[in-house]
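Following this line, the structures themselves.
In the two complexes below, subunit A is the common chain; its partner is subunit B in one and subunit C in the other.
Moving on, here comes the complex of A and B:
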């Protein structure tokens, strides 16, 4: 199990990586979403506020009304945000569950592809 | 197949995927590969398609209902070869025997007094023209469509699409388009007024998740249009040519629209062709404007010859009746599977060989596509409703094919429930995540 500090560190790195990627920012400029995350093993929750492709906040707890809710175990979230894990196989095995539009699921996978093409 | 053949084909497949990724879209390949759907179509015949690696699939997607006569039906292929010996696209400004014969045939087949045709190359183009002629014919601007409706990706057609995801990146689109919930006759009546040129509906929403409207909905739409002078446009692009057990789905309610669009299966799996079919009254607008809508390849002579052979096959081989029979078998089987696995499947729906399975959870759409492919069935979730698996096999399917599908479905549900799926993709670089400090004793 990953601690909240580990998840927060991974989120910080993910935010810097995404926001610093010009290609991704241009690609995602039409994407404004509120994401909620639920750690199925620890019960931790956190949010991600994305506006015009920029991640503007990743606070603990659930903030606002979600467009997408992602549920997985804490280790999976850590590995995913560090770019050490392609989330699609876990999604297809039901280990990552996403409530929301399928287009947004594709977006999340496309973000991974752009920032970590070798992952 | 020898081992050498298999190795050679495997290389061809990887090369095709690599080139597709490089020159078309790398993310498309990545998504398909991860989902176990990185299939490169090779042989195709009847209701079946083979990956170039030799794996066989029962095709239950059929390019969203484009292969009603099956793939490469021998009679359609023969007609295409014969046409190639003497025809080409033809001149779009001139008349041709092939265009005339197909327009005549469509007038005979279409319900009621739909006797006039304008040809196009695909469904979007057919819908574009239907909406243009509605505005031109009535002199009114407003079009009423439905939430989650799907009519194509071209200009007018996309404007009529009831899904924001497809529309928003391209706005502003055409003005004066309104959307009402599908199946709600009261909402439709309230939305249609004296400024409304046309109401566009699918008799059964396809991309919307195989949604069959309540009985009497199409008749109510007809009444609403009659009361206001708006045209009723029925999009039969997925439902037409026998898919639902009638030539056209509107026949289930005995409703005759003013304009009807058809495409997909009209091309017999070989040609890109669509048609907008309308009444003589609607055509009045085109009498002073005979060249106001042109399409270089729309209704090409080659495509018309193929379409004529396709219609002959549907009629001669009783495929409409087969769709009704096999559809009943399929729906009975789906109901049984749904009852057995009610924790996964919430509902089955559809008509004829246009069936939908609604899962209780959105992610089961993609997950079941993966597992069905592992059991030899090609099927995708609906574009506008990912929790619904769309099952639209060719109308040439046999009872054995339907049973094969049902067996595969049951096996796929079991696999999905068990948490089976693709292995984690190996990472080719060092982990970025810092090593966790050793726990303090």
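Moving on, here comes the complex of A and C:
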């Protein structure tokens, strides 16, 4: 199990990597969403505020009304935010559960794919 | 941070409700090819008993609805089919089945492109050779819209679907009010033989094909019950429209004329309201394409993307354009559809698409029913929806759907009095190609990917980014002295 501090560290790196990727910012320029995350093993929750493709905040707890809710175990979140894990196989096996539109689910995966194409 | 188990899951800002989910389900099923499907039902059902075949088809579709409701409750995800077939029968079978199933999307897109092209050419009184240009133009527009990331909002999709269904019902009622209504042998479904009646039911079931794809929107539904309600209501709406159309067609359009036409809906419109009815039904036909092209391209291209991301298709299929659209997947679908539509255009075998689609869909229903039975034994998790009498209904469904798949697979689309193995051969070819790909090509791809990963790690170009966790000292237990 990953601690909240580990997740927060991974989130910080993810935010910097995403916001620094020009191609991703261009691709997601019309994507403004509120994301909620739930760690199924620890019960930790956190949010991600994305505005015009830029991650502007990743506060702990659930903030605002979500467009997407992602549930997975804490280790999966950590590995995913560090770019060590391709989330799609886990999603297709039901180990990552997402609530949201199909388009948003794909956009979420596309972020990982664009910044870490070899993961 | 909070304990997620302490509170109910947060509601989504934009969640799909019953009305939109029902429209999605009915819209995916009610494509232009359905009008040809109704003609096929009428061809095999003796006398004026097509309505009875469609009623039986509705009953069977409601069993399918129960099967997919339970499966969707267990796996409420866009990857549902892949997931529950995989859990029930293993990954290799699931991949083979879903790759084969996805070819239905190409068939439906190609069929709709062909049928709309033919309908436009007919109404505009153009040379028949121009129809293929219309087909290419339609596919080009659909491809461009998809590449630009344009998707229909749920509300627009609902309006389109309900307009198509209401228009079809209304035109049918108008047709039935024309004088001289007579129903010859309305109950003689098996009047031309047991096999012929059974084939009529197989084609009737095809009218509901793809309604279960609404399960791919499970992740955006307000609650799992929304998808369940859609699965049960949409077939009833399709049944209403299909029955009305079958009765109207039987009343006003000579059977021989409808059998040989790629646009029976225009013939009914013409017979009921003259030129106005013809143009009205052309507009309805074009509207069906909005749903087919939007839903079909979206479902299939995202499936290809996910398969490529998972390593089950070449990685190029996951390439995204600047609108986050998997462009190669979309273009591949469009080209495949154009080729299939071209073959249909050149051969005139549009009813073959109906037979192949009917066989594929019935086979998928059989697999779904078998998966449900198997998961009842191996997955004890509570279900939001639990099918009643599952051993009887789903068990019987496996036998019935397999029989219906064979009945449509060995039908001669152009002559109901004879049998033809061509539809079954097409389905078998698709299944064998999928199996060979999964059995022989995929393992090589996976080995190559693993070798690339090892080489990248050795070269230091792909290392683990996550910092190593600091070693923690275990707390000594009470009977274990600290050292």
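Definition applied: the second predicted complex is superposed on the first by the 119 of 119 C-alpha atoms of A that agree within 3 Å, B and C clash if a C-alpha of one lies under 4 Å from a C-alpha of the other, contacts with A are read in each partner's own complex, and residues count from 1 in each chain.
What we mean here is this: a contact is a pair of C-beta atoms (placed from the backbone, for glycine too) under 8 Å apart; a residue touches a chain by one contact, two chains touch by 3 or more.
Keep in mind it's a predicted model, so treat the numbers as computed, not measured.
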Combined model on subunit A where subunit B meets subunit C, clash or fit: clash
First, second, both or neither for A:4, with subunit B first and subunit C second: second
If touched residues of subunit A are counted for subunit B and for subunit C, the larger one: C
Partner chain in contact with A:83 - subunit B first, subunit C second, else both or neither: both
Which superposed partner A:110 touches (first subunit B, second subunit C, both, neither): both
Which superposed partner A:95 touches (first subunit B, second subunit C, both, neither): first
A:44 touches, of subunit B and subunit C: first, second, both or neither? second
Clash-bearing segment of subunit C relative to subunit B, given 3-11, 183-191 or 435-443: 435-443
Common interface positions of subunit A, toward subunit B and toward subunit C: 6, 9-10, 13, 78-79, 82-84, 86, 88-89, 91-94, 97-103, 105-106, 109-110, 113, 118
Touch list for subunit A against partner subunit C, complex: 4, 6, 9-10, 13, 23, 26-28, 31, 34, 36, 38-40, 43-46, 60-62, 65-69, 71, 78-79, 82-84, 86, 88-89, 91-94, 97-103, 105-107, 109-110, 113-114, 118
In the complex with subunit B, residue positions of subunit A that touch it: 6, 9-10, 13, 30, 78-79, 82-86, 88-95, 97-103, 105-106, 109-110, 113, 118-119
Contacting residues of subunit C [partner subunit A, same complex]: 1-5, 9-14, 75, 77-79, 82-83, 86, 151, 216-217, 219-220, 298, 302, 305-306, 309-311, 318, 320, 322-324, 456, 462, 464-467, 469
Residues of subunit B touching subunit A in the complex: 26-27, 30-31, 34-36, 165, 168-169, 361-363, 365-367, 370, 381, 386, 416, 419-425, 427-429, 431-434, 436
